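Chain lettering (A, B, C, D, E and F) follows the sequence in which the chains are written, and residue indices restart at 1 in each chain.
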Amino acid sequence: MTSLSHIILEPLVRKALEEDLGRAGDITSDSVISAEARAKVVMAARQEGIVAGLDAAELAFKLIDSGLAIKRLKAEGVEVKAGDEVMEVEGRARSILSAERVALNFVGRMSGIATLTNKMVKAVGNHKARVCSTRKTTPGLRAVEKYAVRVGGGMNHRLGLDDAILIKDNHIAIAGGVAIALRRAKESAGHMVKIEIEVDNLSQLKEVLEEGVDVVMLDNMSLEDMAAAVKMAAGRAIVEASGGVTLERISQIAATGVDMISTGALTHSAPNFDVGLDFKAAA
Amino acid sequence: MTSLSHIILEPLVRKALEEDLGRAGDITSDSVISAEARAKVVMAARQEGIVAGLDAAELAFKLIDSGLAIKRLKAEGVEVKAGDEVMEVEGRARSILSAERVALNFVGRMSGIATLTNKMVKAVGNHKARVCSTRKTTPGLRAVEKYAVRVGGGMNHRLGLDDAILIKDNHIAIAGGVAIALRRAKESAGHMVKIEIEVDNLSQLKEVLEEGVDVVMLDNMSLEDMAAAVKMAAGRAIVEASGGVTLERISQIAATGVDMISTGALTHSAPNFDVGLDFKAAA
Amino acid sequence: MTSLSHIILEPLVRKALEEDLGRAGDITSDSVISAEARAKVVMAARQEGIVAGLDAAELAFKLIDSGLAIKRLKAEGVEVKAGDEVMEVEGRARSILSAERVALNFVGRMSGIATLTNKMVKAVGNHKARVCSTRKTTPGLRAVEKYAVRVGGGMNHRLGLDDAILIKDNHIAIAGGVAIALRRAKESAGHMVKIEIEVDNLSQLKEVLEEGVDVVMLDNMSLEDMAAAVKMAAGRAIVEASGGVTLERISQIAATGVDMISTGALTHSAPNFDVGLDFKAAA
Amino acid sequence: MTSLSHIILEPLVRKALEEDLGRAGDITSDSVISAEARAKVVMAARQEGIVAGLDAAELAFKLIDSGLAIKRLKAEGVEVKAGDEVMEVEGRARSILSAERVALNFVGRMSGIATLTNKMVKAVGNHKARVCSTRKTTPGLRAVEKYAVRVGGGMNHRLGLDDAILIKDNHIAIAGGVAIALRRAKESAGHMVKIEIEVDNLSQLKEVLEEGVDVVMLDNMSLEDMAAAVKMAAGRAIVEASGGVTLERISQIAATGVDMISTGALTHSAPNFDVGLDFKAAA
Amino acid sequence: MTSLSHIILEPLVRKALEEDLGRAGDITSDSVISAEARAKVVMAARQEGIVAGLDAAELAFKLIDSGLAIKRLKAEGVEVKAGDEVMEVEGRARSILSAERVALNFVGRMSGIATLTNKMVKAVGNHKARVCSTRKTTPGLRAVEKYAVRVGGGMNHRLGLDDAILIKDNHIAIAGGVAIALRRAKESAGHMVKIEIEVDNLSQLKEVLEEGVDVVMLDNMSLEDMAAAVKMAAGRAIVEASGGVTLERISQIAATGVDMISTGALTHSAPNFDVGLDFKAAA
Amino acid sequence: MTSLSHIILEPLVRKALEEDLGRAGDITSDSVISAEARAKVVMAARQEGIVAGLDAAELAFKLIDSGLAIKRLKAEGVEVKAGDEVMEVEGRARSILSAERVALNFVGRMSGIATLTNKMVKAVGNHKARVCSTRKTTPGLRAVEKYAVRVGGGMNHRLGLDDAILIKDNHIAIAGGVAIALRRAKESAGHMVKIEIEVDNLSQLKEVLEEGVDVVMLDNMSLEDMAAAVKMAAGRAIVEASGGVTLERISQIAATGVDMISTGALTHSAPNFDVGLDFKAAA
């Protein structure tokens, strides 16, 4: 089971709270609600999907007021339907309201990514292909978004520029060809680093397979070419499909026999997951 | 014309580059491309919309390599169509490729927001209503996303919890009613702070207007009630519609005569704007 | 009642402790006092005034040593006289002495501002005018100083450049006149943003009132002109007096009928509040 | 001649700009002034005193817009009179106005400290005593304020808890006496560290001088006792007077023959130096 | 050729300068040397080895004073002998002396690592084994030290906990055996992630090879066992030797036929490279 | 007894954890070990020496998982032999393994420095000389390394450029001689600042002693000259030997009668102290 260390998460939640509190804090709650007022609220899903980001939400509440009592009503990563309650928060009313938006913004974004990923994974069905995200993430939130993809059942591709080699068309063009690019990469890469190369057509794939490589990325190929590529690779390299991946088309792509399907949409275009905070009682 | 100071922007671009370079930098370019290789590339739109984030993109390239030469081919905020070139970058090939993803991630997200905002603004057409975003922004990127909304022709609502008072249903419930909440807010608010209150129905609106307030937010009202509310307000308060705002429905909402239409979708669910980097020449 | 979130406060206290501990910590206490020695001390006012900054002081002690026991003897914002004890601290003697100066520096500065503000507020007496601070704050401490003003009974003006519009003489000069400046501001300002404009004389005020604006700032006007300005405004705009505000003169200014009196002195020239730590017992 | 590295200064100026620009920047200038408008302004003293902080002001302008042209009209640390122009800034009007307040806040505070320090130094006159500040500085600004004291002709006492040993009354009480405290300090102190001890009366001084120490601090002694202390010390230790130091009394203190006079007022209660920005021309 | 982005390097150099300048800067140079004095100095090796860290040194000088003129006399990564001059710096004498120690500290540490690595690489000679470092790096400097290893001709192992899987003895013990640990790792690992497992003896190796894995680490094995392990692996996994790696023994280890030799000593125990700054002329 | 505040230490441990966890955390433990698995481990020395850094290790474990139970088996600064257990950690197995490397890296480096320092101190034996470190520290870790020196029984020299004056050969050359340099330093130095000057030979020493100074540094002198220098100084200045300090030679240097012996090797070339984590039980 995947996880996201609060060493990584806490500075991001803190920054989000600072951004929202600004230079004078929650002037609405400070003026309208008495310091002693207490409340009990629940965070509830307003749509179906996979819930993610509960640690972030809890941190938002706890960083504002360590005296808030939090109860998890759903576990991270489970499937929920509209109306399901996922977390209960009880304590000083001002504190709850001051942290509310940041908590919901994290859960909304992270659950949105997990939910879209999960739909993709389900659409792949029994095919062996696994779904993975790319580096097309929101600036500053890569660790959080990569984690949300994993919660949704997806895999991570590279985390950044430094943990694996991915030779793309521009690299090949500037290096002067597939063969020379691959040779340089192999010479330089450490033994813990995988090498992937992007190919646009089957003849490029043939050249690549002859040189040898860990992973090939089929860039924007037709379904027919993908199927042919899988056959040509014949297990000599992991085959990754990329480009034009939609919920509608992903099952067809998976049916070609590719090992991996990668798409930036998981992180850059996942719609927000609708979630809100419902007032239960003046506690 | 709106702007976004690099005092605000630069730390975010720097953080995004650190996140992508990790602990060993761009190991693909370092291994595959010679240090001397030079290239000329253009950033090109792959869809139509409003382009935003060019300062961020330029900063990404310049922070990686101050020797890169950048030419703006489109101005920030203009309308582009698929294929339009927006920026030319020339210099060390390694530097360009190392900064590419961060530059595109900013432009993709910011143009996505500006483009969706602009569609909303156009859908409102000649009605007087103005479109504005909410605090439902990506954690850590509020300044950037609020700016992108402005680039798209939208307005900002509150920037955070501290620059205006917005009394929502939970505040009213805990405070013990509309009247007491409003009175407390007025007593406490500074003279440079506006006060808004959320109302769910017309009888609440009546009570609010009698107390007096700067702005009323009609929360998830029917089109008929919105029209009635505008009539009831009769200029005594700015009227803001919120909830259920879609591209399809916004023109009908505007037709009710409201002054403002606010929606979190501008920032939390805007799909990425498709933009890429095309290799032009080994410069 | 106002508050200052520790999300905002804690990084500032931490920075102050880092600044004081330097690269080797409290070498006096480390050398002179045994690690086991315990003490009980009280923080005591050495003058009369309004005490502010107790959260910061408590944080300073707790961040150095979470084992210190703190008892509040006075509440934040109350009036104290010389000799009054405000806080008791008990625990490891080294820890108390290491945090002492930072704790006192916060309380000294914040109480100084609250005390001066309170004197101004009292000098206004029964006049309706409210006292507010400006952006003339110590670099890096705006949130803290604006809070201290509120504790003293004052109000905040703008928190920064982005939460309200204030058109000053230089803006008018460069824009080409009052009318054009105001029109541009209204067109651009969001519906949650107030607009204020500075006027130097009554004829400017007349022009401004005709254009319409939320707040007018009377800049360095004579008492007579202020009274005339209040009459001319006749409730069409909030009237703020600025310039030449002293403890001696503020009651006369208030007597002119202005709504607000703003002065940078509250934050940039408030003398330190005298407060010290008294050794009670080797606990 | 003293200096303040921009390695130390730049993060503070940057933080002050971030604090002022908030989440949307200078919305007044952005709305009222066209992006192309240019201006020439001068920073001018509105009182007499010692000007300090010009590097900070220049940094504020340059960090907002590196295209601004800055001319120094007065050198850092010189004496100015009301009306003297100290710096000329020319370039984009928006940029100048956005940086103005931060630039002035630094110059106002730093010149205020330098000016008060200089008055103290002049009041000492031909006596040998030197004036120095304490650790009673604004949280986060110690380096800046200690520098301003030096610009004004004063000296620094300890920069923090770690660069020298200062044994105060509480240390002595907890350690169990002057002799044991001093012996422990000497044993532990590195050879580059000076040791000072606070004494309240002449018999304590006698004991201290017998033990031997680098510096003695006479705490709140009468002028007579100070003179007697100087005689008793007879050059065996540097003698520092502390407590009750005012502009009126400092010359009398100096006349007792002490070597150093230290006071927290230099940094914690120096009134702001009045300085403003005057519009010269649309450049 | 490897590189280290200044996006990664600059914050570390800046931090080191802040740490050295403290709260008052270089008080020696400020007092002893006039602001106008200029100098020309050269950085010279005082021993033979591989020079690394010149970018860091240049940054240290430039961050202190962008007016300093720097000339590289040796390229990064070349072999030098005692007395060789590697960099010339000319400009304000105070600036040069203020940055000197930080510049030398980086070059001393980084060249020390590069030099030790290079000795190891040379000791391996014509054997195929490559030398790599571990995660035993100085806290906060991993990117810098991993880079210095590459400059010396070594390879990187994992950069952190997140870029590859390395199953060690404790993981196996807690998981309940080699087979279950490996199966879980394969199921969870993304397609761009390599898996390595530590084995203590040949029977463990046999089990591991049957399960299949990318890399096996032979932990503290005898030379005989290593040779047997290489034979047993027979190309089915990359073979890495670890433990007891010294300059004396590394050639024997390499002779066993292993692919990789990893050692923490490269980063945690490399002696400093002796380098100094020689005064050439008052420029 | 010396100490290192967690105000200083915690940000460094946090940074080291962030560096190791990267963007996806400990993917080995997350995949191989169940979230519920618990373990008990002990940190054990694998060599003899002085153990230091236990606070850092404890912080590393606690920051990853505040639920880990830590027991100290050895006190900071005591002498241990190979096999001695110093700390027991019990709790979630994943947490322990994720924090292990950072904890060990701190203890390895800090104990390495403390151990080397202690050997030097012991080699000095009954001579009065004290051993101290220099500013040749690892960038960013000065406070930590200076502390480790103190734990080992050594003293600190300057902490940075700002806490004492040390006039070196280059300063003298640029200033124009020993006498002028010393006079300027004395005039400028505060009364809490010590002044040291480097001398290369006995005639320079003579000149320096005539001017008067707190400390003289004998730079790379022969043993004979050191002895002569001590005689010449005759208590008028503290005498510090520097250059060519090795474990072999330090006793001879001490025998010359110098007061202090300083060497960069304590911090820049101390070999890592060998320490590991042993699995005790599935707790």
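Please note the rule applied: contacts are C-beta pairs under 8 Å (C-beta built on N, C-alpha and C of every residue); 3 or more make two chains touch, one makes a residue touch a chain.
The shown structure was predicted, so the numbers you read here are calculated from the model rather than taken from an experiment.
Trainee: By label order, what chains touch chain E and chain F together?
Mentor: A, B, C, D
Trainee: Which chains sit in contact with both members of the pair chain D and chain F?
Mentor: Correct list: A, B, C, E.
Trainee: Is the contact between chain B and chain E built from the same residue numbers on each copy (over half shared) or from different ones (under half shared)?
Mentor: Chain B vs chain E: different; shared/all numbers falls short of half.
Trainee: A-F versus A-B: which has more C-beta pairs touching?
Mentor: Result: the pair with more contacts is A-B.
Trainee: Looking at CA centres, what chain is most distant from chain A?
Mentor: Chain centre farthest from chain A's centre: D.
Trainee: Hey, how far is the Cα centre of chain C from the one of chain D, in Å?
Mentor: Their C-alpha centroids are separated by 21 Å.
Trainee: Which integer distance in Å separates the CA centroid of chain D from that of chain E?
Mentor: Once rounded, the distance between the two centres reads 43 Å.
Trainee: List the centre-to-centre spacing of chain A and chain D in whole Å, with centres computed as mean CA coordinates.
Mentor: One centre to the other, that is 51 Å.
Trainee: Go ahead and note the Å separation of the Cα centroids belonging to chain B and chain C.
Mentor: Between these chains, centre-to-centre, one finds 32 Å.
Trainee: Counting only residues that touch at least 2 other chains, which ones in chain E make the list?
Mentor: 2, 19, 21-26, 30, 98, 142-143, 156, 159-160, 162-164, 188, 193
Trainee: Are the chains arranged, by touching, as a line, ring, star, complete graph, or other?
Mentor: Basically all the chains touch each other, so complete.
Trainee: Touching chain A in the complex: which residues of chain F?
Mentor: Against chain A, chain F makes touches at 14, 17-18, 21-26, 30, 35, 63-64, 94, 98.
Trainee: In their complex, what parts of chain B are in touch with chain F?
Mentor: 19, 22-23
Trainee: For a test of understanding, state which residues of chain C touch chain B in their complex under the given definition.
Mentor: The contact residues of chain C facing chain B are 2, 130, 132, 155-159, 162-164, 188, 190-194, 196, 215, 238, 240, 259-260.
Trainee: Can you list the residues on chain F that touch chain C in the complex?
Mentor: Residue positions touching the partner: 1-5, 7-8, 142-143, 146-147, 156, 159-160, 163.
Trainee: Could you pull out which chain D residues touch chain C in their complex?
Mentor: Of all residues in chain D, those touching chain C are 12-13, 15-16, 19-33, 37, 39, 41, 93, 97-98, 101-102, 104-106, 108-109, 112, 135-143, 159-171, 173-175, 181, 184-185, 187-189, 193, 264-265, 268-269, 271-272, 277, 279, 282.
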